[in-house]
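In what follows, a structure is listed as structure tokens, so that the remarks can point back to it.
Naming follows writing order (A, B and C), and every chain is counted from residue 1.
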Amino acid sequence: MSNSPQLARPTAAETAAVAAPAPSSGAPGDGPRTPVRGHPHRDRAGRAFSTAATVAGSTILVTLAAVAVFLVLRAWPALSASPEELTEGIQWFPEGTTLLGFVGPMLFGTVLASVIALAVAVPVSTGIALFISHYAPRRMANALGYLIDLLAAIPSVVYGLWGVAWLAPRLQPAWAWLSETLGFIPLFEGPAANPPRVILTVGIVLAVMILPIITAVAREVFLQTPRLHEEAALALGATRWEMIRMAVLPFGQSGLISASMLGLGRALGETMAVLMILSPGLTYSLALLQAGQHQTIAANIANQFPEANPLGVSTLIATGLALFVITLAVNMAARWVVARRKDFSGAN
Amino acid sequence: MAQRIDIKDLNVYYGSFLAVEGVTMAIEPRSVTALIGPSGCGKSTFLRTLNRMHEVIPGARVEGSLTMDGVDLYGSDVDPVAVRRQVGMVFQRPNPFPTMSIAENVLAGIRLNNRRISKSDARDVVEQSLVGANLWNEVKDRLDRPGSSLSGGQQQRLCIARAIAVKPQVLLMDEPASALDPISTLAIEDLIAELKDDYTIVIVTHNMQQAARVSDRTAFFNIGGTGQPGRLIEMDDTRTMFSTPTEKSTEDYISGRFG
Amino acid sequence: MATLEQSAEPRSDRPTTRELLTRGDTRRKATDRVMAVVVTLAFVVALIPLLSLSWTVLSNGIGRLSPYFLSVSMRGVFGGMDAGGIYHAILGTVLVTGVAALISVPIGIMTAIYLVEYGTGPLARAVTFFVDVMTGIPSIVAGLFAYSLFSLFLGPGVRFGVVGSVALSVLMIPVVVRSCEEMLRLVPNELREAAYALGVPKWLAILKVVVRTAIAGIVTGVMLAVARVIGETAPLLVTVGVIDSINTNVFEGRMMTLPVYVFRQYAQGLVPCADGATDCIATINIDRAWAAALTLILIVMLLNLAARMISKFFAPRTGH
């Protein structure tokens, strides 16, 4: 979740849900569904209780549906307005574009920032997870995992502060160097902005923020590698790294993919860190080191919403709807991969 | 290529716990040595010290000497990875790599040392090894199917093919047939009889008849009581062990009085 | 030996056993070592943000964090005045998060009970799946949802505490469900069966046996869920807004909350101080932001710590 100071355990709990393939949703026992005997009023109480539980469960589905419905309802004025109406009615709406033309660059910026974050976070998380599962002493594994989980406990507004005050000044020389030596690649085209309120800096901060969730899932999956397969590799004369490549990584592959998608989902929706660090602009530029080129949907909403007029709010909610649909798709895909995992992960 | 292994006064520890104590024995080349004994007597632990697989568990260590062809397997210049290449192992439960095809499983060990193996060489190795493991005729038409698509007995023979593909000196088998049905067990036992022409084989088994059928020499391990280390009680030709054992406890175990 | 190796590497005589056992492949060994270093470095790299962030927040925030800072609001504070605090923001955070917990905890626990004790069939599978999906809703979208919901009935521009609470609930419910579900599944089945055997109806068995056994875990889960949403900024920015004075009514008027306060102070930036003004601190807004961030982190960590203590000391004896 984007701005969430989710804590060690919740992450771990989600992780467990991801890593341990689908807990069966049935009741754990064959306990009687209704008591064999009982007073009539107790039966009524029992029925009321089970109804309450079912209603609560359904609330989840209703809530998700409500999110979609209410967003559509509130976004409707903007969705049905003509480009002229939008341009006239909203001060910050770019002239001569449609709603789609307005969302497009932000969608691009959102995906770009998330892809950078993923490109940085996935290899590092895999390394951390391997370190915890296969390199560090077993007894320390829990404590080390907890250290990484602490990163998830930090509110995103604090990440924003840290990104601006601590990280950005330290990245600036690196970005300047990148643009000087690799400037011929469009991605690193100079001049590197100073202060570096650019999408690459945002990507790094987002990477730090999604590290814990990816690491936690990867760690669980790696730890589940069947000992049989690890020993098979070692008995063939594999070194530790070769064992990891032969047994651990193939086994954890799908888990790692779904972990990355969960991380992607979070990066897509992250708001505050982007809002505080990025100098916004609405272009399709690939120049990662230049300021004023990119913006993300979430940060734009947070930026414009407090001062927006009704049509502006409507427009922002329409962009939020686009974000909702994308994150929903990514998350559902991730869960789907997880659910499938048990089908082909099994040893025998 | 089969080598002999000499073990002298071997103690195996897990941390401060003494798991196996004072084992001295000689494992002859080109023969089958069976290790028998009740559960928890340390025979599997002992087997795993022969290719340093027990070191996978943190805190595991050995005292005493364990030499192959006169070279101390635990010498400071000896690489445990190299030891495992020379001393192959087959496990209790078949464990082909689930993401690899049958052919890739056989080649898994070879690819470690030789990444750029030519296609024809690879095909030769796969065929030789699968023939060696009596599996070729059953799988030659579906070498690119996943290893996990085979039956349990076939999977175990695939694991044996994978182990012999790297041409080890010694082959360790940790209850290789205990998870298999009787017919597959028979196939494995036949295979062991053939393999001993080329390899030194050490097999742990719970099945007395199996030990009697496949092995040339038999070693009986036993344990004094809970928390006591396992010991080698006696070792002799299999025929002698099963007909006229020296020790009373060996006779009791073999005749099924305990264990 | 393999024909293959001979063809690849023609040798007149076989290597000795000693050679075979000692001569490891240097390239493979080097790769193994390099990867060990790389993997360890990955872990160390991840500690850099953790340490630098903790240190930056602590060193920048400790100076302004005082009993005064915690006990006054921003009412009547302007420019570079060396005054103002976060009392109103703490109050707002407690109220908004408290109401969110009031909404989320019953729904979350009942859903978990449904999933563990009653749920079978397609509905339960759908709930399980969508609880997972719901954890992935961007927090800003949750804020937009709450705003849309209330503004549809109360007209545009609604901003008050409960709207924010609803937004936070959307984020909090799945977390509560997940952790409670985990705790309820830890309760051994024998306990349930023992209760049924005594003729206790199922709902009473659940309440008096299952929930009571798992209560420490449930409390822990709830506290962690609270800690998770207490730092949310974006949804509150769009639903509760900002204000400088104290507001204790969650049903009316904007409220300040701690994370939004941090953002607000940061966004206000440097104060243009007149030359020679003695009572004007140019960096006052940023200073307040750091101090509030430190307070926020301390609250989150305390909740975390307390939750762990509870789960450690009051854990059910399930024989694990």
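Everything that follows uses one rule, which is that contacts are C-beta pairs under 8 Å (C-beta built on N, C-alpha and C of every residue); 3 or more make two chains touch, one makes a residue touch a chain.
Note that the structure is predicted; figures quoted are calculated from it, not measured.
**Student:** Could you let me know which interface, A-B or B-C, is made of more C-beta pairs in contact?
**Tutor:** The comparison resolves to A-B.
**Student:** Sort the other chains by how far their Cα centres are from that of chain C and give me the top one.
**Tutor:** B
**Student:** So what's the Cα centroid distance for chain A and chain C, whole Å?
**Tutor:** Roughly 14 Å, centre to centre.
**Student:** Go ahead and note the Å separation of the Cα centroids belonging to chain B and chain C.
**Tutor:** Whole-Å distance between the two chain centres: 50.
**Student:** Please compute the C-alpha centroid of chain A, do the same for chain B, then give the distance between them in whole Å.
**Tutor:** Centre separation, chain A to chain B: 47 Å.
**Student:** When you check chain C against every other chain, which residues touch at least two of them?
**Tutor:** Touching at least two other chains: 28-29.
**Student:** Among all residues of chain A, which ones touch two or more of the remaining chains?
**Tutor:** As it turns out, chain A has residues touching two or more other chains at 239, 242.
**Student:** Send over the residues of chain B in touch with two or more other chains.
**Tutor:** In chain B, the residues touching two or more other chains are 81-82, 85, 112-113.
**Student:** In the complex of these two chains, what residues of chain A are touching chain B?
**Tutor:** Within the complex, chain A touches chain B at residues 137-138, 226, 228-239, 242, 246-247, 250-251, 253, 344-348.
**Student:** Of all residues in chain B, which touch chain A in the complex?
**Tutor:** My answer: residues 51, 53, 56, 58, 81-82, 84-85, 88-89, 91, 93-100, 108-109, 112-113, 148, 152, 155, 159, 162-163, 166.
**Student:** Which of the residues in chain C come into contact with chain A in the complex?
**Tutor:** 28-29, 31-32, 35-36, 38-43, 45-47, 49-50, 52-53, 56-57, 60, 106-111, 113-120, 123-142, 144-145, 147-149, 151-152, 156, 170-171, 173-175, 177-179, 181-182, 185, 189, 192-193, 196, 199-207, 220-221, 224-225, 227-235, 237-238, 241-242, 259, 262-263, 266-267, 289-290, 293, 296-297, 300-301, 303-304, 307-308, 311
**Student:** Touching chain C in the complex: which residues of chain A?
**Tutor:** 1-10, 13-14, 16-18, 22-23, 25-29, 31-38, 42-43, 45-46, 49-50, 52-61, 63-64, 66-67, 70-71, 73-74, 123-128, 130-132, 135-136, 144, 147-148, 150-151, 153-162, 164-167, 208, 211, 215, 239-242, 244, 262, 265-266, 268-272, 275-276, 298, 301-302, 305-306, 310, 313, 316-317, 320, 323-324, 327-328, 330-332, 334-335, 339
**Student:** For the complex, which residues does chain C have touching chain B?
**Tutor:** On the chain C side, the touching residues are 1-5, 7-8, 17-18, 20-25, 28-29.
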